[in-house]
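Step one of this worksheet: look at the structure below.
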Amino acid sequence: MKHIVIIGGGIAGMQCAVELSSLGISATVIEKEHATGGKLASWHRLFPSFTPAEDVLGELRLKFAKAANISLRCGVTATEITPRKVTLSTGDELECDAVVLATGFTLFDARIKEEYGYGIYDNVVTSADLEDMFNRGEIVLKNGNKPRRIALLHCVGSRDEKVCQRHCSKVCCVTGVKQAIELKEMFPTADVFNFYMDIRMFGPGYEEMYREAQVKHNVHFVRGRISEVSPTIDGRLQLKAEDTLTGRPLKMSVDMLVLLVGMRANEENAELAARYGLQCQESGFMKPQDNFMHNVESNVEGIFYAGTITSPKSVGETLNEATTVALRIKDWLQKQ
Amino acid sequence: MINFGFSINKPRVIDIDNNNLRKSNEIILEMPELQACIGCGSCTASCTAGNLTDFNFRKVHTLVRRGEYQGAYMELNKCMLCGKCRLVCPRGINTRGIVMLIKRKLGDF
Amino acid sequence: MTFFALFCIPFIVGATLMFLSVVLKYFSWLRQLPTSDMILIAKGIFTPRTLSAVWEIVCESLLHRRIFRRNVVLGYMHMSLAFGWFLLIVVGWLETLSYLGTEWVPLQGHVFFKYFVPLNGIEGHKPLFDNVMDALLLFVLSGVTLAWLKRVRSRLMGMRRTTKHIFFDRIALSALWFVFPLRLLAESITCAIYGGGGFLTGNIGTLLSQHIDADVLMALYEPMWWMYSSALGIFFVAMPFSRYMHIFTEIPLIFLRHYRLRPAAKTKSYDNFEIEACSRCGICIDPCQLQSQLGINDVQSVYFLRDRRYNMLQQKIANNCLMCGRCEAVCPVGINLNTLRQNSRTTMRNIPNEGRYNYLRGIDLSQGEGRVGYFAGCMTLLTPNTMSAMQRIFEAAGEKVWWADKEGSVCCGRPLKLSGESDSAQKMIDYNKSLFEKHNISTLVTSCPICLRVFREDYDLQGIEVLHHSEYILRLLQQGRLKVGYSAEQRYTYHDPCELGRGSGIYDQPRAVIEAVGILLEPKHNRRDSLCCGSSVANTAINDAQQLTIARSVADELEATGAETIVTACPLCKKAIARGTKHSVSDLSEIVAKNLK
């Protein structure tokens, strides 16, 4: 039986293992954390259908547990990767026929955009923090009050040369609209403002969700990037932006500011590239052979990519890609 | 009175067919990065002069790029060249250089 | 004796033209000096400053002490040429004096003495002079050899790059290179025919007479002296219009500088002395980060001064400078390169506009009340960590503070001044000054070194002490008004902001503050030699990617110290360096606020 080592136990790695198993190929998943699920494990609900992340992950975990010939190694990392052998941090050596890199992405550290005050002022949170709050079921300000006016800022750590992140992180626009709706559902009387540069609603049902946010939920959309955040005397946050559609500067005070943080390439990507002859893109994400017929193959024979290691992707896209990887591997193994 | 950015007397349309784009092209040729502007308004929002007046850098350079030079030089004279806009521009545009370039090109307009 | 031969004509014409043009130049520059500068000269001329100027001329113009400190070989090269030639003239003059007493001898008589008076066998021959003159000639020739080597391999003299010269300089340079070898040949041939000479010319002369027919030597004799004289003539004619004008100009410059003349925000006649005192040695090229990091090769101070001198300065050259002052710090002539660059920009761009910035009238966005004023500066408004750290420090010290610009402010005026709009900058200076006076503060603290510099240099704030926050924090610590915890576990490295370090001479205070909270590790380039972060407001020419390249190189050097935290004391440096590193970058105030007890 052919054996594949998958590095990364997020949804890409898990889905890939499940699909490989159904194709009669065994797989070992290496996960550095103590549980599978990756970033999705801490997410609340998914756009555009508001499906609980738990449902998706639950189903995937169940399939993963039931599938034959899958083994899981949690709490370990790979120290040496070749297409035929992976060495673990425990010193174990895993023989294999191919390797899948599914190490995902890093969330942008909002503290780098100092002018937004993350880590400086209370009540400046990131989209990930907000999901965490949704999970806990309570959204309160530091002083215990409920927010009455909330702003969401798009493109934090995306499309920003100043933090060396040129690329669009793709999912934050949709997440921003989704979170605005969720906030409105929680606090129907609160005012919610989305500050955006461009609204990129690229997928099925996204545009409809956007329209729903505008019309049904009365979410305000302001076209302009927030440039500075400062505290007010009463402990709120004062925002400065330009309302570019009217061409005038805008300032407003809010109770809470949500920063829609972008997806950043893992720092280890550069090292992966240097050590194993792989290629990185300008954005730092790994570079597949091409964007079409070989979009999950690396330039090294026997090393495949699954999920957000190559570019920002939504949950659905990631799952699709993981399936593709399994099929391509089978194809490739038969040709060997 | 509310300033809606136009008046009844002047024709409002930006007439690209009849505007003379020569200077605009010269400016863009010298600093092509200006075309990278996505109009996010960070420059205007952080602008020291814009905080005190109706100066709007984004609007001025966009109009200049469309061949609307009237008044641009005088508007840009409100800029203090403090450089905050350059520090916040997500597209890495050399905004101070642009201010100086447009003034140099349009100085005799 | 008449002391004249036809071959002297090129020399006489050249020397005359040279002295005439030099005198004319100096005369017109001095005449055009503004009255205030004239008064300074009058006040200084009969004081010990004149003596100290003479001493500096000996040390610098002749011995080239500053270049020696930089690189011994390079120093020797400059010294052998300058001091050697000077001694050749002096000793040559003494030689004539010793033979002919006080008889008047025309200039060419001194220069071509060996031609007019073949010394061998004459009564009272003094071989000592022959040998000393030969030794000096050898000394100069060694310098010429090194100069030639420097053209081929500048690294031998500790320079990665040397100046690319224009056509006129090349002519003068070639003529200069030929002067001394030709002198050696002319004198040696003379010795070959008439005998005599010192250890160098004498021995070469003997060698020549042994191997070459007397007829041939006789045929070469006059032409050699012609060539020597012509090389001198060509050099002299080219000199006032080439870089060699520095040979003379450095002397009046040193005097004027000792009388406290300085270049100012607007160009004036004095600038000519500084500009033409540049020898285009090219020492300013290597420290320039635009050169070393970005490969920009035509904007460095040497080229800027050259272009300005020949009236061919372009805006794109004048604007493309970080004004970090690294070149100024190493300039062996001590030219005020930043001020000259700035006033060139003013000449090109300044538009006196009475109506400009009239909107400033009556604006006051300040908050709070106190004898201590805090002016964060435009850039600091984008680094709120610094703002909140300063707030905590003020609270901990129990200081009542007037916040000048929490809600936004009017720029200090320095960016405008640096870009050449000095008259407009004055409007901002006037506005802020009256704001400070209106609120009756006694101390003004700022977190921005750019603001600090203009407050100190151009504001003339009577009764208000201007402090950078590093100085202010250190004072609080020393007075015991602020207590911080020290941890030997915490290692910091410090980046000197250009405007704070080289610009305002503040090196020790921030270091003392850091050492109060942890261990300080110095990067390779520090203090006067520190690097620029690349985001300087003085440069409006380089693009974002180029700024980032410089920032990365600076960050690499800071990371190499092994410190966990990079500390700086300028919001612009902080933003720039943070782009180039994954390490945490903090303002000085942040690490103090974090360790408050």
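Think of it as A, B and C in the order they're written, each chain with its own count starting at 1.
Methods note: contacts are C-beta pairs under 8 Å (C-beta built on N, C-alpha and C of every residue); 3 or more make two chains touch, one makes a residue touch a chain.
None of the values given here were measured: they were computed from a predicted structure.
**Q** Please flag the chain sitting at the greatest distance from chain C, going by CA centroids.
**A** Chain centre farthest from chain C's centre: A.
**Q** Using the mean of all protein Cα atoms as the middle point, what chain has its own Cα mean nearest that point?
**A** C
**Q** CA centre of chain A versus CA centre of chain C: separation in Å?
**A** Going by mean C-alpha positions, chain A sits 53 Å from chain C.
**Q** In whole angstrom, how far does the Cα centroid of chain B sit from the Cα centroid of chain C?
**A** Distance between chain centres, rounded to whole Å: 38 Å.
**Q** Please output the residue numbers of chain A that touch at least 2 other chains, ranges allowed.
**A** Within chain A, the residues that touch at least two other chains are 115, 161-162, 228.
**Q** Could you say which residues in chain B touch two or more other chains, in rising order?
**A** Residues 46, 51, 87-89, 92 of chain B each touch two or more of the other chains.
**Q** List, in ascending order, every residue of chain C touching at least 2 other chains.
**A** In chain C, residues 381-382, 544, 575 touch at least two other chains, as defined above.
**Q** Quick check: in the complex, which residue numbers of chain A touch chain C?
**A** The touching residues are 112, 114-115, 117, 120-121, 161-164, 228-230, 267.
**Q** Chain C touches which residues of chain B in the complex?
**A** 33, 46, 48, 51-53, 77-78, 80-84, 87-89, 92-94, 96-97, 100, 104
**Q** So in the complex, which bits of chain B are touching chain A?
**A** My answer: residues 5, 38-47, 50-51, 54, 56, 58-59, 87-92.
**Q** So in the complex, which bits of chain A are touching chain B?
**A** 115, 155, 159-162, 197-198, 223-228, 240-244, 246-250
**Q** Any idea which chain C residues touch chain B in the complex?
**A** Chain C residues touching chain B: 315, 319, 349, 353, 356-357, 359-360, 363, 378-379, 381-382, 408-411, 413, 415-416, 419, 421, 428, 535, 537, 540-545, 572, 575.
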